[in-house]
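Okay, got some structures for you below.
One chain, subunit A, appears in both complexes that follow, with subunit B as partner in the first and subunit C in the second.
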Partner chain A sequence: MPYTKRRRLVRTAVAIALGATTLAACGSESADSETESGPASLTYWTWTPGMDKVVDLWNKGPGKKDQITVTVKKQASGDTLVTKILTAHKAGKAPDLVQAEYQALPTLVSNDALADISKHVGGAEDEFAGGVWQQTTLGTDAVYAVPQDIGPMMFYYREDLFKQYGLTVPTTWDEFAETARKLKKAAPGKDLTTFSANDSGLFAGLAQQAGAKWWTTSGDQWKVSIDDAATQKVAKFWGGLVKEGAIDNQPMYTPAWNKALNTGKQIAWVSAVWAPGTLTTAAPDTKGKWAMAPLPQWSVSENRTGSWGGSSTAVTTDSKHQAAAAKFATWLNTDSEALNALAKESGIYPAATNAQTSGAFLKPPAYFSHQADFYRKAADIAETTAPSAWGPNVNVAYTTFKDTFGAAAKSKSDFGAALDEMQADTVADMKKQGFEVAP
Partner chain B sequence: MKSTARRQSYGVKGAPYAHPSPTTTLERARSAPYFFLLPATLLFALFFALPIGYALWLSFRKVKVSGLGLGSGARREVWAGLENYTDALSDSELLHGALRVLGYGCIVVPVMLGLALLFALMLDSEKVRLAPVTRLAIFLPYAIPGVVAALLWGFLYLPDVSPFSYVLDQLGMPQPDLLDGGPLYLALSNIAVWGGTGFNMIVIYTSLRAIPAEVYEAAKLDGATPTQIALRIKIPMVAPSLVLTCFFSIIATLQMFNEPTTLKPLTNSVSTTWSPLMKVYRDAFGEGDIHGAAAQAVIIAFATLLLSFGFLRAVNRRQKQEAAR
Partner chain C sequence: MSSLAVPQAEPRAGSTPGTAQDRRPPLRRRIALVPTVTLLLGALYCLLPVAWVVIAATKSGRELFSTFTFLPGTGFADNVRDLTAYRDGVYWQWMANSALYAGLGALLSTCVSAVSGYALATYRFRGRETIFNVLLAGVLMPPVILAVPQYLLLAQADLTDSYLSVLLPQILFPYGVYLARIYAAAAVPADVVEAGRMDGASEWRIFTRIALPMMIPGMVTVFLFQFVAIWNNFLLPYIMLSDDEKFPITLGLFTLLEQGANTPALYTLVITGAFLAVLPLVALFLVIQRFWSLDLLSGAVKS
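Now for the complex of A and B:
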């Protein structure tokens, strides 16, 4: 009895000591990984709803043949997932596959969390528009992810109320401002839309449309131009509208915002291709009364849009089966069966060009059932997406945006000053981390 | 040898315990306390000392990127010394956050404890009816999670969806925006007072019930009115629990996070760095700067210790002075 007891104690002590060494080893474990063939079991971190059903198709079909099994681990979306991936990567325990927004790719790559899968993706590049693919290469020869969905921006408006107040659909931003003023005069209690500071992606997309390139590289240096002329133009435009009271300044995605859309207090929304889903839940009573048009332009001769949202599937450097993981990522985002399932189960708008006008996208979304050519139009708009330029600390720029523009929108003060602060904070953070930043 | 006898009763026949040599028994007796302390020590080390030590370690390190920072090996963790601390202390946003929380605490602590004491005294008075039901009703909000409470009140504050605003509108009165400027502090305090009064009331009420009945009897014989009993006997006698609840409330105030975080998406007035802990959260999880966040967390923990123990010492000193008088 005492003997066994003591032995158990010793065993526990050894186990604890071993546990401690494993813990210590986590930090220093090298990220080397061999890409072998044969049976592979992969973990996939994603926030897309219904992804498990799409992955089932793989596990029962092509995956079964290749003996590659994928398990979905549902995650929260946004910046916290990036932190979670980086933390897991630090311990050498990142999953094989992760979903990552395009603007998060440089952050992940700069932390050495994403593997270069250029050798394993074959001819996948041809399936996507150049501007979309470029976001996954970061302008290098490497490929860090396979595009999954995109969010080309569009203009949504209440067709019936536009008619009622004698408004025309604005094709330029000047017309947009005029429309806002005209509505304010006709119905002072209503707003064309609101300037919301709680989703930085919207502002980034608007700046992208105006031709802004926030992060660029030259040689061994980053250049940060969040306060470039194009972005200043966008900031001053929206700041001016808020200041003169032509549009509202309250954040979106609040119960108050839902009510404003549902009751026709706000009659338009600058959004992206995924808007039908949001409108279905935010403004259920106005189904069939909305219409979609291209985003207003900065000049009549232009035809460009920005993107708001969109994500990709990436393989991590911690994966022991990078080739297998890349094979799955390519299948998921280019195979027609997979893309159909993604559209049906998860409601995503595919990055793959062919899928945008086939399968589930032959019919308009239920909320826009009267606009028969919704997805035809959307595909045309997607083609005009301006190139984007993301850097290694988009997260810092985004959080600073929320605070500085939130405060400026609240006090109806100068958006230009808020933009300067955003630029200064972003550069300061990069310098603090040790990045070479061009003056 | 009581312990040997007990062991034998458990021992199996022929096991070494049955014939212990005197020396080993003595040795065992000496090491016994350490053996019994082991679980607590291990738990303390694993779940308390180790994480704190790790946070301290992180706070003295930083990430150093070279060049463009792309590709492997471009990012190293290096020793930062006190850099993270000087950065945090010279960051005006952290100080402003602390001042905002202090302003909020100046409203919450007195109002919440005042109400809790008042309710406890009322429930303890002789004329009270339906005491159990009332007690439960006041306590109930405490059972609602902080995030849910903040959401609930947030929806009630939003002018466009609030029933209060609707009623005010119908009456032709102005509808204040409670999520802006000064009223925001009242709005946040209201959530905390609503949720915390019940708990503090129970603590004070329990210690009121522990006061022996003879004391009241003596007071009544001396002709004290119920108000005099409350002011001169009850309140001084529950002073220790008042100190305790005040201590807890100060700590809870300094750790404010749930309410402003939940209200943030509803309004432009709450920034991502509204309270010090929100700034720690943003830096660690929004901006990925774990080292800077660790340094700020250490500073906040230190300030919390200083303030709460400073408060306890001040109270103790006063009590000693009073006892000396």
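Now for the complex of A and C:
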């Protein structure tokens, strides 16, 4: 898509310019963590649609009582927002609250942009699954954000076409490969799904399910293991399927992809809990024909899934009202009224476990109205989310992934080499940024 | 948007002596095949995406990816209505913001360019060439590189997230000054300036009453260039602004597209929005085109 290129251009440009000005700006940083009491007026950068309506509930309710007013400044999502936050932070002008994807948290923390709010979020931990909460602590005693939404991965398939071609829903990845081959034999013009390299989050989630831990720390050193055995297994699996032609190799989110889903040329999609929204626009004619199942497993005894997407609410070090901001972030993501409003106004899938099976989530999404237990099932799957391990330059790894795997998928060549390149580029970038990286 | 080509002035009938009388045989008027085909291909390459946007803007969300690409849809009115309804009409606010940034910004930067270009062309002073060379370096420097330093500077002055933060950095337009100097040197003869001085006019009067009218066609070009540059600018407002009520159209459409993974992308709105955002530029080019032909009249000097 054209904007992907622009986004990268923007990021590169900002990175270059930032590099040039880092020295000049270093002096202006203030490590002021002093919090004031009394009336507070907070600004909040978020991309969630309808967030202003949810924040209105706060401003009229608990916020009014505590004299904490929050103003929403709507932003565009993605890595560019991280860059924007860091730029603002260099000038000491970051907003009080920011929305951040989980994989962006280490980047923000390593730039000292996020405040430790562990003192102000007492009890919130119990509302979330352990694997989700761990992403906001980065394995330390600090807490850098409150989880907002999550994207547990699932398997979506065309129920009617599976029946027509006599396919069964795969429970392991081996069965998945068999299903793809069987379909190819029965209907050569159709594909089970595609391997797409234009959203790195998908591959990261699949690797996470297989048990990969891309970034880990020991002492002051980072260890990058993007080419670990688990990830290699995943890369080899998908590379093999692409190479033998059992699945398609065209990218997702293109008009052609939408058409393939809408006309039944592709009959399944490995995606996450938010897929109904995407399918509604991508494949409007197939409403009611899809079903959701857990992700296939690597072995019969396992029951794990990865996550694709999801974000949190964080408080910045620039905020002069960190306690107040943390109070709002906790309310937004744990209060049942707030979570209901978030589900209704913004359509997010909450990270808070209680909210996943109450309120708006008692009924299935409209696109899946025939699968009555959609959200019950989703909550069970969410519980099996494997822990994730993000590092300070996920954006670099993701960009390299898009380039190398994109090229490998297109030419149906070796995914292993692409993975090696991803590892090498990520390590090189970390060293360049001045991180200690274990060999 | 950048595919808009500067319209070329048609040669006027009879402007080349002799063509009217000279009835050429059809053989000599034979069209050169290779250049024509190349140009046609080029035109196709530039116009197809525009045609796509125009047609896609008429499609409803349901039709967008399912019907034939160049088959007009039925949803244009609905798309415009949805776009207007989005966040209480913030789209039109973006449009107005873009008009303000581009209109006022281009006007101010044209004034600055005119004054400095004229000064550089007319006066001889120490350091003139140095200034001009620095200016040339500024032309080569992509403005993207400057956005972050400019942000840090304006943050010191507490001006970020304001209309001024987007307007101020775009007032100085090195390419505009460069063009203005070249144009002033060509269109304002030293004799005319000298004559003005002999008659006792002040320098300011000479500039505003004599030189400026001669420079108008060039200044229209500078205005247009800067208008388009600001209208299409993305990074500077992106870094400077956080309040979406102050966003220009480029930034607004970007937020419309990047709503987060769990929200269906608002493709139809973005496409319709992009289509509507091109219209003012097209209109501007059509309206301002006539100023270029003034060139022939106002540049003439009696000798």
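Please note the rule applied: the second predicted complex is superposed on the first by the 409 of 439 C-alpha atoms of A that agree within 3 Å, B and C clash if a C-alpha of one lies under 4 Å from a C-alpha of the other, contacts with A are read in each partner's own complex, and residues count from 1 in each chain.
Methods note: a residue touches a chain if its C-beta (ideal position, glycine included) is under 8 Å from a C-beta of that chain, and two chains touch if they have at least 3 such contacts.
Being a predicted model, the structure only gives us computed values, none of them experimental.
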Partner chain(s) touched by A:S369 [first = subunit B, second = subunit C, both, neither]: neither
First (subunit B), second (subunit C), both or neither touched by A:Q164: neither
Which of subunit B and subunit C A:T80 touches, first, second, both or neither: both
Partner chain in contact with A:S336 - subunit B first, subunit C second, else both or neither: neither
Partner chain(s) touched by A:P95 [first = subunit B, second = subunit C, both, neither]: second
Subunit B versus subunit C as contact partner of A:P392, first or second or both or neither: first
Touched partner set for A:K259, first subunit B, second subunit C, both or neither: both
On subunit A, positions contacted by subunit B and by subunit C: 3, 16, 80, 255, 259
Touching residues (chain side subunit A, partner subunit C) in the complex: 3, 6, 10, 13-14, 16-18, 20-21, 24-25, 43, 45, 47-49, 73-78, 80, 84, 87-88, 90-93, 95, 149, 151, 201, 255, 258-259, 262-263, 272-274, 277-278, 280-282, 284-285, 308-309, 311, 346-349
Partner subunit A, residues of subunit B touching it in the complex: 10-12, 15-17, 42, 63-75, 87, 155, 158-161, 180, 265-269, 271-273, 282, 284-289
Parts of subunit A lying in touch with subunit B, wherever the complex brings them together: 1-3, 16, 31, 79-80, 82-83, 86, 106-107, 109-112, 138, 140, 197-198, 217, 220-222, 249-251, 253-256, 259-260, 317, 392-393, 395-396, 398-399, 402-403, 406-407, 409-410, 429, 432-436
Subunit A contact footprint on subunit C (complex, rising order): 61-62, 64-66, 69, 87, 142, 144-149, 151-152, 155-156, 160, 234-235, 238-239, 242-244, 251, 254-255, 257-265, 267
